[in-house]
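Both complexes below contain subunit A, partnered by subunit B and then by subunit C.
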Partner chain A sequence: MRASPGGRPGTMWSRMAAGLRKESVSEAITGYLFVSPFLVTIGTFIFFAAVYAFYLSFHKYDLFSPPKFVGLANYRKLLTNTDFRIALRNVAVYTAGVVPTQTAVAIALAVLANQKLKLRGFFRSAYYVPCITSSVASSLIFMWLYYKQGIINYILSLLRLPSNIDWLGNPSTALPAIMTLVTWTTSAYFMVVFLAALQDIPTSVYEASKIDGASGWQTFWHVTLPLLRPSIFLVVVLGTIGCMQVFDQVYIMTRGGPLKSTMSIVYLVYTEAFGDLKFGYGAAMAFALFAVIFVLTLIQRKYLDIKIEY
Partner chain B sequence: MKRFAGIVLCAVLLITLAAGAAAAGKVTLVLSGWQASPEEQQLVKDALEVFAKKYPDIEVKYEPIVEDYSTKIKTMLAARNAPDVFYVDIFWAEPLMKRGMLLALDPYMAKTGTKRSDFAETLLNGFTYNGKTYGIPKDFNTLGLFYNKKMFDEAKIPYPTPDWTWDTLRDVAKKLTKVVGDPAKDRYGICLPVDAARFRPFLVQSGAQFVDKTGTKCLFASPEGIRALDFYTSFKTKDKSAVIPSEVGAGWGGDAFGKERVAMVLEGGWLIPYLNNNFANVEYGVCELPKGPAGRGNVYFTVSYSVAASCKHPEEAWLLVEHLTGYENQKKVLETGFALPTRVALGDHPFFKDNPNMAAIFKGYAYAVPWQFGEHSEKIMNVLNQAIEKVYLKNESPEKAMKDAVKEIDGILSE
Partner chain C sequence: MRMMLLNVRASGDGAAAGGALLMGAHSRRRWHAVARQGGVVAIYVVAIAVTIVTLAPFAFTISASFKTLSEVLEWPPSFIPSRLTLDNYRAVWTVSPLFPRWLLNSALASAITVVTNVFFCSLAGYAFARLRFPGRDAIFLATLGTLMIPGQITLIPRYIIVHRLGLVDSLAGLVLPDVARVFGVFLMVQFIKAIPKELEEAAKIDGCSRFGTYVHVVLPLCRPVLAALTIFTFQGTWNDFTWPLIVLNSPENFTLALGLNYLRGQYYTFWHLVLTGSLFNIIPMLIIFLLFQRYFVQGISMSGLKG
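And now, the complex of A and B:
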């Protein structure tokens, strides 16, 4: 039996056996060699690390002494940890704010960048700059903007609006301030996803809607947007995962403060593990977060993921 | 052709290996610390040059760590590939000593004749666990009251003296505050950030002890502790004479002082080179901290040179530590004005006569407590920061904030 190319894909084993029978053993080895750097890196730094972290989450581990098995104690401790609850709430607010905004902004940017305008290349690159800027650099820049004597307050004062706000020092504005920064950086990244999707939409669809007399707005609302749905699903899922794991901006701009108003789960994991040498406990938090993200993704999949055929 | 290249490569490798074996008589040590400033780094390099002449058989590789020093050192220690000699901050020394990550230096000290009594006892105690010495303090700092001479002159207020009390400080801070409603011109008496390290001296001055004899019960919720928090926060909440750095567009207290947005600030000797380099035209003086209701109090910061327990050449590593913390080297560091010496013999060096600012910071040591809270320093610091923040931002009463903080600290201590 030969597995014909383009035919029904056999099981991995039958394909490997077929490969063995042919003289393509060396070809297969070459192939695996090509992917091996990736497999080894991902195996060590992602797969092994994740499995080991899961193992640690059932142990007491301070980095220096051997891990001590404690069963579910770390997870039980989580249930009564007020900081964890605060972090969970912060991250929920953060995600609920950032994901819809960044998705909407990314679609808008993509539609703009997809127009046949002069300087299109320039605009595309300009929009993309925030996302290739390192998060440390952009956080520092935004810290300057948010200072009490920063540019944002200056502009507000020109508009005769309240301008005496210490954006990052006030517990009610610090989290929205970070949310704004993140929306600014990640929208650009997701713009590229939508841009690719927009270019996949066949022109015939647009032509058809034009013939039917649809206005530009109607075309966007009833043709473009529905056809972007698979990309929207992707962006929402990736965006949610990214948001739930927010760390860099918090670490650099606020260190979880003021009054824990920007404390995120990953930041909490970091302080518990590296600050207080509770690596098992930190790992347990990380897996609790994993569970939350997993459930959220399942829900999103149920409601958003729909196959589209042109 | 390919085969030939392979042979050449093998030959080269073999020669390198042989060369390596020939040089095996020479011991290589790795030395790490954080990168405080180019000037400080130069001091270390100079010291290593002297060392190389003294001990030609020991090669020292200086590998400073740029960011997140303690995290990196902790993971390196766990992976058993830590540098041989490295900085250990008193703030996180205890967990490392307790878990046997550092080498006890006593036997090596005995061999070369260095005595514990050569060093300031309190500083050395920060690196002592169960009677063993796990590091030699390389230098230290306390907090001084930095004041802007021009602002004092303009307000016709005499410069601070060591006789100042809490009341004087509060009174003067009020007088020096000039808020005109323009954020670029507003000036405040003092910068009192949300920082337990700045708040800690006031706890001492008020007479509040950290823990009781058992070490598991925090005593900051005593009337003395509450009084300290009430005093520290009243500048900002009641008198409006204090700000936190971000309110005046500064990154930290020293920055706010350099930008002349505040007239006074509590900082250590590190502010002196910072001002020289960035705000050379600010005229300032440094005075001892004012006296509190229970007398004088301060906090000291210190860093040791320690040797990793996994170090393969402990004898040589000790020689390096001894050299770096030795009389000659500390004298040199002091004379450049970068840090205060830990050697008792340098305490009355003529340098202090010509440098009253450094002398003021040096004096603070006599009545200072270490900047650390035992094994859970970082967590406890965060809780105290929260307490200050709650008073500043939520208008919580100092009493409630302190009591809640202590409840939390007790939980951490009993873990």
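And now, the complex of A and C:
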């Protein structure tokens, strides 16, 4: 992707000189007109919203009385808030579990879906179906599957494994249960990213590996996987950003419980802002999470990002 | 003699083959073939096992949609329902009288965001890719930068803005922040840049206005990317939960996704109806996916980003 969307070279000065021509003026007006509905929308709901959220994070605001400046009080309150600490810990466990699992599953699915199989189209579609299912539908279905006398416990009992588990009602199993559901829904999305990357690898690379006498496993480990590194970086970054913001499944399945074991940061933002009308405090919490995500992305970039040229 | 040996090899009859050398090569090749077949079988076994894992929850849900409440919750669970009636499908509409409203609200919200995104994003994409105006590149880069802002940051201000506009708890408030998405413009710019310019120049010579060129030349060429944009926008609105949860208060204004969660809260133990209702959320999306699935893949691989 290039920075310049038009692809035509032109400095600010040459464009301003060209701007004197009548033709260019009408082109510029048309251009502004064409981008205006889009710009007004994202200008309001993204640019202004982000700045406004930052402003609010230094204020006390309940929607009805005017915002009151409180300095860093909201942020200072976060440091002593035990719920925030619990939520941060839950989200860390959640992300550390889901991101590596879904990335590994996605690579495995992509390699599988890239094999020359009959019905390959069918398999690819079947793997993608969890991904197009809404968070509500998948959460409701899994609530029922996780039920104490539900199908998951039944399957475990058939395998002679511990099966009398109240998955979502037990503080030690509720978070892993949600992590499993999310891995099930999102892996196929990232499979598509890896599938596209696998198809970009020239066959000559595999041929060279074959001539060198590498086995299938060796080829995967020493040739394919290193070439997938840019995609792995992308998937890990996007996965981390998504995981840190987990909300829907928590809200629908457990409401943060039992005993706050599934309480996430966005769930806390939701209850503070829309439950207790502490909009300034909620905004500060959201920015604290943003800071964490930002630092994690920088770290991942340092250790994972790499450019590949064939 | 040579002919005969070749025939033997070709027929694959190992016992009849003469000569130790030939025998060795033959059985080795046969072993390779068996191993390769074994490998192929293993791959199919894994592929089918994964299919079961991804589809089984839906199969269980479809099965449950034909069961009575007691059957849905019985132990041990049965896979095949004892009867095949559409009672649950009827009950979902009658037990919860708002169910048709939720479906309608979801359909309306999705249709509106699809139309506005297709129109506004393609228009802006065309301008960013083709027209020259001061500040264009800077504006485009700035909009790309917003992809780094997590959605939860803008959630609170979005609500406050919509509240100020007096649009809380309305369809307008639900769709307004999503009438044009950054992802859509990004997708359009990438696609339009790859189209050869000659056709547009020809249209210009024929006296077509810029808007005319966009409508008559650019849009028809963009059909595949517009299909992808349609699907991603539909999926985004149809499946969304967080924003509707925040902006909508009265049950009659709920979308289906929100309504399903409400249904579960109202009739906590009516799992047969909750599961049947969730199929109404899944199936329209599934149909659109099956009809246009190649655009799904195209859209993701074109951008490497989620819509």
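Keep in mind that, in the parts below, the second predicted complex is superposed on the first by the 270 of 310 C-alpha atoms of A that agree within 3 Å, B and C clash if a C-alpha of one lies under 4 Å from a C-alpha of the other, contacts with A are read in each partner's own complex, and residues count from 1 in each chain.
By definition in this document, contacts are C-beta pairs under 8 Å (C-beta built on N, C-alpha and C of every residue); 3 or more make two chains touch, one makes a residue touch a chain.
In this text, all values refer to a predicted model and were calculated from it rather than measured experimentally.
By the touch criterion defined above, A:K260 reaches subunit B but does not reach subunit C. Once chain A of one complex is fitted onto chain A of the other, the partner contacts of A:L168 are limited to subunit B, with no touch recorded for subunit C. By the touch criterion defined above, A:D212 lies against neither subunit B nor subunit C after alignment on the C-alpha atoms of chain A.
When the two structures are aligned on the shared chain, A:V193 is found in touch with subunit C, with no touch to subunit B.
Of the two partner chains, subunit C is the only one that A:L109 touches; subunit B does not reach it.
In the superposed pair of complexes, A:D62 makes contact with subunit B only, with no contact to subunit C. In the superposition on chain A, contact of A:S134 is made with subunit C only, not with subunit B. Which of subunit B and subunit C touches more residues of subunit A is settled by the count: it is C.
Using the contact criterion defined above for the overlaid structures, shared-chain residue A:Q149 touches subunit B and also reaches subunit C.
Residues 63, 147, 149-150, 274 of subunit A touch subunit B in one complex and subunit C in the other. Contact residues of subunit C toward subunit A in the complex are 43-44, 46-47, 50-51, 53-55, 57-58, 60-61, 64, 72-77, 116, 120-121, 123-124, 126-134, 136-137, 139-143, 146, 149-161, 163, 176-177, 179-180, 182, 185, 189-190, 193, 210-211, 214, 235, 238-242, 245-246, 257-258, 260-261, 264, 271, 274-275, 278, 281-282, 285-286, 289-290, 293, 296-297, 300-301, 304-306.
Of all the residues in subunit A, the ones that touch subunit C in their complex are 1, 3-8, 10, 12, 15-16, 18-19, 24, 27-32, 34-35, 37-39, 41-42, 44-50, 52-53, 56, 63, 109, 112, 115, 117, 123, 125-130, 132-138, 140-145, 147, 149-151, 154, 184, 188-189, 192-193, 195-196, 231, 234, 238, 241-242, 244-245, 247-248, 251-252, 266, 269-270, 273-274, 279, 282-283, 286-287, 289-290, 293.
Partner subunit A is touched in their complex by these residues of subunit B: 70-71, 74-75, 77-78, 95-96, 99-101, 183-184, 194, 244, 246-249, 376, 378-379, 382, 385-386, 389-390, 393-394.
Contact residues of subunit A toward subunit B in the complex are 62-65, 147-150, 153, 164, 166, 168-171, 257-260, 271, 274-277.
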